[in-house]
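Two complexes are shown next, each including subunit A; its partner changes from subunit B in the first to subunit C in the second.
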Partner chain A sequence: MGITIAVLTLGGAGLVCALILVVADRFFAVHEDPRIETLTALLPGVNCGACGFGGCVEYARALLAVVGATPANLCPAGGAETAHAVAAMLGIEAGATDKKVALVLCGGDSARAPRRFLYNGVADCAAAHAVGGGDKLCRHGCLGYGSCARVCPAGAVEITAGQLALVHADLCIGCGACVKTCPRKLIRMIPAGRTIHVLCNSPEKGPAVKKACQVGCIGCTLCAKLAPEAIQMNGFLAAVDYARELDNQEVVDKCPTHCIVRR
Partner chain B sequence: MSASKPKLSPNVGVHPAYHKEATSAKPIEVMPLPPLLRVSMSQHLGKPALPVVKKGDTVLRGQVIGEAAGFVSAAVHAPTSGAVKDVAEAPTAGGIMALAVDIAPDGRDAWAPAVEENRRKRADLLARLRDDPAAARKEVVAAVADAGIAGMGGAGFPTHVKLSPPPDKPIETLIINGAECEPYLTADDRLMVERAAEIWQGALIIQAALGAKRVRVAVENNKPRAAAAMGAAVADSAGDCAVVMLETMYPQGAEKQQILAILGREVPSGGLPMDVGVVVENVGTALAVRDAVVNGRPLTERVTTVTGPCVAEPKNVLARLGTLYSDLVAFCGGFARPPCKIVSGGPMMGLAQSGLDVSTAKTTSGLVALPRELVGAFVSMPCISCGRCVEACPSGLMPCELSQMLEAEDYEAAAGCNVADCIECGCCAYVCPARRPLVQHMRRGKAWVAAQRRKP
Partner chain C sequence: MTAYILIIVSAVLVNNFVLTRYLGICPFLGVSRNLPTAVGMGAAVIFVITCASAVTWGVQVALLNPLRLEYLQTIAFILVIATFVQFVEFVIKKTSPGLHRGMGIYLPLITTNCCVLAVAVLNIQLQYNLLQSVAFGFGASAGFALALVIFAGLREKIDRACPPESFRGTALALLTAGLLGLAFMGFAGLVKI
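Entry: the complex of A and B
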């Protein structure tokens, strides 16, 4: 007898709950556009935010909100493949996709760019930069505390043994998160596949750069003379104009401080 | 002088080793003019001054070389007469680069004519302050702004801003801060011993300018000579004036803690001392105000303590603003042994320096050279939740929790736990057994909060 009451009570309670759930499912159901799920599956799913939306799902929602209003080529991580897949599904133009990768404009590792003092604080670039302008003698170079590496969703940034950030272009998805986090603003997005770079971001005059780093740009203008169309002088700093092609081995070989590299 | 028991802030702090004996009995020495003065445009809190001289100009002592770049800014004056050698960026004690005017002294040390003019113009200002304070107050504030005075205790808040409270915040009490709770430093102590009467005159000028009813001079009880000297200066004055002895504890010199100790009033979170009717001014600032009002002289020099076990002859030095730290150290006999860490200001809140190419500023209360055995590199460990920092924090915060929030970059949570109320005194990091860089975490949190407030 006892067991029957228990079974009936619990079974009854279960039935009532099930009934409530069925009613809730029927009347409170949120109808979502099934295309959002399909579209999200087409996106890479790294949720890096490079498209300007708060993650892949948000981008998919924006694409579907008014079809054609949001371009299909905003996802740098997915590149041309994703853009075409998205465009095909929505029946819009894919648009141009130029794969971009991040480049750290500093080559001064610990062997070549000395430190001013022993920094014994929070291991974060912004925190180190706030303490006396950073421990590196060069006030513009990479501090190497890895803030960029920590924000990289693809694990493409390596902090080398010489305490320098190095972006592996083959792993970089081009989201630009590192560009935003670097307190010294020395990460740039450049077109993928480029091989010749000026690895320095110090606007200081030659003697000051030389004192702070062995591989800094001293503003000798030699490279700008050798490749005038692709390298410009920004004051005392040579800068590659990535809008133009540059494949001149001479600028790499003749740079007196070897801050121009091929990689 | 008050004979009652020394006062102690009910909030807590720490008792570091004070090491003041090296210089506390040494009279202030006037440093001869160095071969170069590098006068920074960023010697105060707020916008750096704008240089108004160029390379090749000749300047006279007291001449304006940098104009205030707004209300919360301070003018900068030539500390001596000579030739402007350069106007270029130079590092400040905080490590940032700021424009500085290099002056090669000509040795005449001639004052600018404007100084004499100001002195004559303000000759009867003291009498007018007594007779018709309302009208004369503005003139005092203008004189202080002209003189480029910034808080000389170390923070460097422009004094004329403090002297201009909004009309809805009447100031009832003025506290002259002679606590000097930082270890090693004795500049304020010596200033009180040697120039008590002038400091007191400055205090009365500030009192009149603020319309404050009461004046309290706060001195920690490890400075009996300073307290006696100030007591003698205060004794002749009518009105509600007194020297208050504070029990020696760090950070009793912090204004909010001092107000609590003396008046029992707590400055509200995010508020200023003026919210409880109080203004706190350092003794050096009071002296500078007196010099500006009575002598018409702008701020061109300050007393700074050059000390620490590594300095050959620790001294209290009256140095011109712009004196390079290297010249200060040379005047004190150089280093007896190589220092491991050189701190501008006191060892608790001061800023470690990466070189001696920085110049003395309005805020340079001292220069402390510490040997290796007192510095010691350490590795910081995760928080062990012992709560010692909570017990030590004079602002009643929880540095342990805040530092973990900030380590995780959860700035909103830290702001919610009032990280902005941190006064960066360093008590938490001093007691932390895990050697965590707590103050640095707090600074990051405060910087985030400040950035949020600036956002439209």
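Entry: the complex of A and C
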């Protein structure tokens, strides 16, 4: 007798619960635009926020809210492929896309750019930078505490053994999160596929740079003379103008401090 | 009134579910990697446990006690809690999409959280009435949320402090949890129940 009551009670309770859920599912059913799901599937799904919306789903919602009001080319992670797929689905113009990748403008690893003092605090670039201007002798170089690597949604930033941030261009999705994070502002977004870079961010004069780093730009202007159309002197710092093509091996070979590299 | 405040304070600080009773350790270690997730989880737990203690109290008094089926307590409570959480998820999804996005993903996680069941069972064992049960549920879950948020904050800071390689991850998390529990021992004897 006891077992019958137990089974009936629990079974009945389970049935009532199931009924409640069935009714609730019907009653509270949310009719969502099925296109949102399809559109979200077309997006990369990294939720990096580079499009200016809260994530891939939010971008999909915005695209569908008023078709045509939100451009289809806002996703740098997806690039041209995603823009075309999204545009084809919505029947709007894809718009121009140019894939960009981040570049760390510093080549001074721990072997080549000495430190002024032993920093033993919180392993965060902003914190290290706040302590007497950072522990690196060069006040413009990469501190290497990995703030950029932590915010990177694609895991494209590596902190090398020499305590230097290195962006792997093949993994970089171009969201620009690292650019915003770096307290020393030495990460730049450049067009993908470029190979020759001036890896220095120090605008100081030659002797000062030389004291702080073996691979810094000393402002000798040699590269600017060899490739005047693509490299400009920015005070004492050579800067590649990525708007122009540059494929001149000579500037790499002739740079006296080897701060111009091909990568 | 004082009795209810005492129940809440005792459940939050003195008999903290995570740090004194060692309940709900799984989400405590799992969802405490960063502060925003910990806050979301904490809010979801507070909501679910507070409501679930009322519902399970009703089940015990109205269904199990009259039929002399007290031995089915655990299984009945799990059934009711799971249904309730699922029901709440439907309602939130319909009425407040924003809240659902913030809290929704944590709701299914809570269904089988031992914290929820422990509160429901303790309510009956301590022979609380309905209001006392709700107060106890709220206190216990607020204590859980408090511990979770403090712990997440500590873990975020520890990650930045470059601990030795062999300590990183779970090892240091457990050490930190132990020290946090030790700190909460300072509240012992604050409330006598």
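Note that in this section the second predicted complex is superposed on the first by the 263 of 263 C-alpha atoms of A that agree within 3 Å, B and C clash if a C-alpha of one lies under 4 Å from a C-alpha of the other, contacts with A are read in each partner's own complex, and residues count from 1 in each chain.
Basically, a residue touches a chain if its C-beta (ideal position, glycine included) is under 8 Å from a C-beta of that chain, and two chains touch if they have at least 3 such contacts.
Source: prediction; values computed, not measured.
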item	value
Which of subunit B and subunit C A:V30 touches, first, second, both or neither	second
Which of subunit B and subunit C A:G11 touches, first, second, both or neither	neither
Partner chain in contact with A:P256 - subunit B first, subunit C second, else both or neither	neither
Which of subunit B and subunit C A:V122 touches, first, second, both or neither	both
Which superposed partner A:R139 touches (first subunit B, second subunit C, both, neither)	first
Common interface positions of subunit A, toward subunit B and toward subunit C	122, 124, 127
Residue ranges of subunit A in contact with subunit B within the complex	116-118, 120-122, 124, 126-127, 130-135, 139
Residues of subunit A that touch subunit C when the two form their complex	5-6, 9-10, 13-14, 17-18, 20-21, 24-25, 28-30, 122-124, 127
Subunit A partner contacts - residues on subunit B that touch it in the complex	91, 94-97, 351-355, 377-378, 407, 437, 440-441, 443-444, 447
Subunit A-touching residues of subunit C, taken from the complex the two chains share	59, 63, 67, 69, 72, 75-76, 79-80, 82-83, 86-87, 90-91, 93-95, 97, 157, 160-162
